[in-house]
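Order as written gives the chain letters A, B, C and D; numbering starts at 1 within each chain.
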């Protein structure tokens, strides 16, 4: 696959994602008046940031911070209400599905709930092969096998149904589906929050390895700063639909600038009975 | 002098298959002690609390062992008597504050229903007690809150109310079943501090069920590490975090995230550790079957 | 007693529903108007003696407005309806409204009696199945639900006629009230009026006539209520607040009724609304089967007699009842659901 | 949990075999009725009227389940009635399913104006009492097999539409749909390839249920004398006749009634069984 065109065009220095003034408002159906459309709640209120090639960006925030909405907007699962999103130089803010289709093999997503994100009526092999067929890849069987090998499941898993797998295994299938396309960018939305610590560590290590091996650009959404510390090179802290801090990971943990970031860090219970502040 | 809660050789099996879910669990929690039960999903940590409170799922049966609460052998009691005893000396703080309050009842009665219906308090006394408890859990304007319905309050507020409700009858044992798993990390800290504060104030024995060793290090004095329904390590918290004895405990601790030491944390569990602890469980099972 | 915020909420629901109700009723009127006017065979011709001339037919056609185009007829009819005039029945030459209002109470009494039976039977079965879950009793409830759901009211009616009308004749299987009785009633709501007049002999006679058709109508609805409520209870029984109630020292019965039931009823309620309209729709054939003098029985006669104005009137009345039932269910839901009441 | 699943599976299988067995028997009888039936279902013999079934005094050999008031053989009429019943069930059931499911799928997945129009139509349809609507349609269309099938389709498409719409709405919220969208599938192909397979078990259960309902509607229409011809051997027509002579000859009512009862029950149980059978989680 010769998909990495923009990576070689170094002189222009084009970030993979350029986001300017991004706003998303969703209709509030609970407050729908008798007549007329429901009011809209602002989820994201004007975000500006870039994601450079090859970075692993951690996006962190509490519930209701808008982090998942941001992820879905980056992949154009929802259409922003304002601002622009450029992917590799192309303005995708309001592109329709036909226009997005050629780009869809260049960015992909791993979902939070692996059970709901895998079609229960299809076998693992078909689930991974589906996007490959769609984008006209050759040697699909082989690629599915390679992807399964990559995530450490082995090719025999292609014949299984999602409900026959454990939570950690399902999440690996989600990862295999995403990497099989050899995309440039992968968005991981809270992919370890439902897993046990041991599976969580395995999935994170796997992802860390794949990012390095495949030269992926990664956006990793999580509520857990500890996990981001391990995996990411940059952190973006969201609070009530705004970026309160966006900096290299070392800086944020050594010297958090925003009060909210400090609050988050202080609240994490370290496995250490003598942690100060507790 | 025996501990307030004593569990001895407790085994629970899945009806039908006979598979053991709890494997000869023994532990003791004394008045004023906070004990953590730690393990991954399926380790049986919640099952222990449910067995004590008599709320095991229908498909699960206690096969042998004893649970003594304040000297009473729970498993030997008539169900109605046991229910009454548990209702008056023990309480549960459940996991999910969003589903743990009855959506069609006001807050006040949900805090005091046990006092009125089981312990025979008068309505006015119960109401006064509810207000006092809401003050203790730092809820402002308790008069207003007792008339509210659960959906009108935030998750953190609801968890405070559940804590208040748990302490309503001055129980001597509280079982907290992953009480902060559903909360944001900043709210979690407040709630953990509150539970610790209430426990110290009332001198209650507290069993704290969690998957998070970080949380254990903050609220517990002792802990039991479970794997596949078996206690693999039983230790004081300070000793445990200084040097866990069991290989599985060490692996679990190494897998726990720790942002101050990213390279050493989030280590995948080595398959050999799982093999070893599984073998240990299998040996224990063989001995158990042999002994019966 | 309604609190201020509750009556505002109910008013909002009524106002919100009015527009869709009007559209629905208008749609029903258009469809029935068009459908029955493609009926082959001239209804007027059937009314006249064999020797009638073309001119006689034309005159009667003009009298009933049947010589105009369908849109014109519709506008004229709609204009009348707005003023409370549903036209004149072709077969009986009485005002349609009088005929419909004369029969409607019988059908309403039958439907409501059936609803009460269904709620009682279904509720008891659901609670029994929940109380004894995991035992043979629950299995029996499930089997009963399955059979009750599969077999429609028409077949239950026939089975009852056979069992309790012929083999073991303990109930009446024909009519609304014994013809030999003297009727002092001034309204058509016989059951209601017999209670008001303290004529319990008449009340009992009415009930024994209604019991079989009402039970036939009630069984499928009872099975649905039982199944949905039991399922809903089952889900609710696993929720944390129910588990929590057990640890407080409450027994099984109190946990089911005191904690789970009210919340389990809510999702069931919305579905019962639609199902109740099916029950009312079922009265058409059940009344025929049991020769019960209600609206449905009259409707079948009207179709057989090609009595266009009467058919229109009956269909509109049924549609009106259905939409009102749905409205009431919505309001009931709002009253019972604290999330809506205290938003 | 494995044992629980095994128990559920056993129950599903018993249900499938019992109901499927009855339906298969019925299908064979319907196909071979002209050869299997002992008598001509239309042959009248007033001297052999109201003969009782074979085990009762006064029975005539050859008339196994007795005769009706016109001396027609009850067993032969039930067998020939199965032809009509199953023909109506099959054609009406499938046609209703195709139309209703397609509309429901479009409304539930595509949403927007299509959903608004379809849902409004369903609302209007739900405001008709179905039996009265059926009778009215037959009055308009004239009696006959075609009319019955058309009437059933016109009335009952809403059942599929409502259920499939709700199910499609549920499925649309699942992340596997978002995932297919991320992969670049078109909306139409997501609907057909991702949603439809997950809605299919519901549709299968509904279609057999609908077949049972079609049999009942045919019987009801025959009962009010609006089905095919008064002479034709339909279960509903036999029941109508049996209802009148119930005190003189109960067998004229009982045998077709039992057949109808078992058939309707089997159709719905067969559908439920199939639905669970194809559930990958239970399998």
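What we mean here is this: a contact is a pair of C-beta atoms (placed from the backbone, for glycine too) under 8 Å apart; a residue touches a chain by one contact, two chains touch by 3 or more.
Everything quoted here is computed from the prediction, not taken from an experiment.
Listing every chain that touches chain A and chain C alike gives B, D.
More C-beta pairs in contact connect the chains of B-C than those of the other pair, out of A-D and B-C. Distance between chain A and chain D, defined via averaged C-alpha coordinates, is recorded as 49 Å. Centroid to centroid, with C-alpha atoms defining each point, chain B and chain C lie 52 Å apart. Here the spacing of chain A and chain B, counted between their Cα centres, is 34 Å.
The touching residues of chain A, counted against chain D in their complex, run 72, 75, 77, 97, 100-101, 104-105, 107-109, 111-113, 116-122, 130-131, 134-135, 161, 163, 177, 181.
Of all residues in chain D, only 120-121, 123-124, 126-132, 135-137, 139-140, 142, 209, 212-213, 216, 219-220, 223-224, 239, 243, 246-247, 250, 253-254, 257, 260-261, 264-265, 267-269, 272 touch chain C in the complex they form.
Here chain D touches chain A in the complex through residues 174-176, 178-187, 194, 197-198, 280-281, going by the rule given at the top. Of all residues in chain B, those touching chain C in their complex are 53-55, 58, 80, 83-84, 86-88, 90-92, 94-96, 99-104, 110, 113-114, 117-118, 148-149, 151-152, 162. Listed in rising order, the residues of chain A touching chain B in the complex are 62-63, 196-198, 200-202, 204-205, 223-227, 229-230, 253, 263-273, 275, 278.
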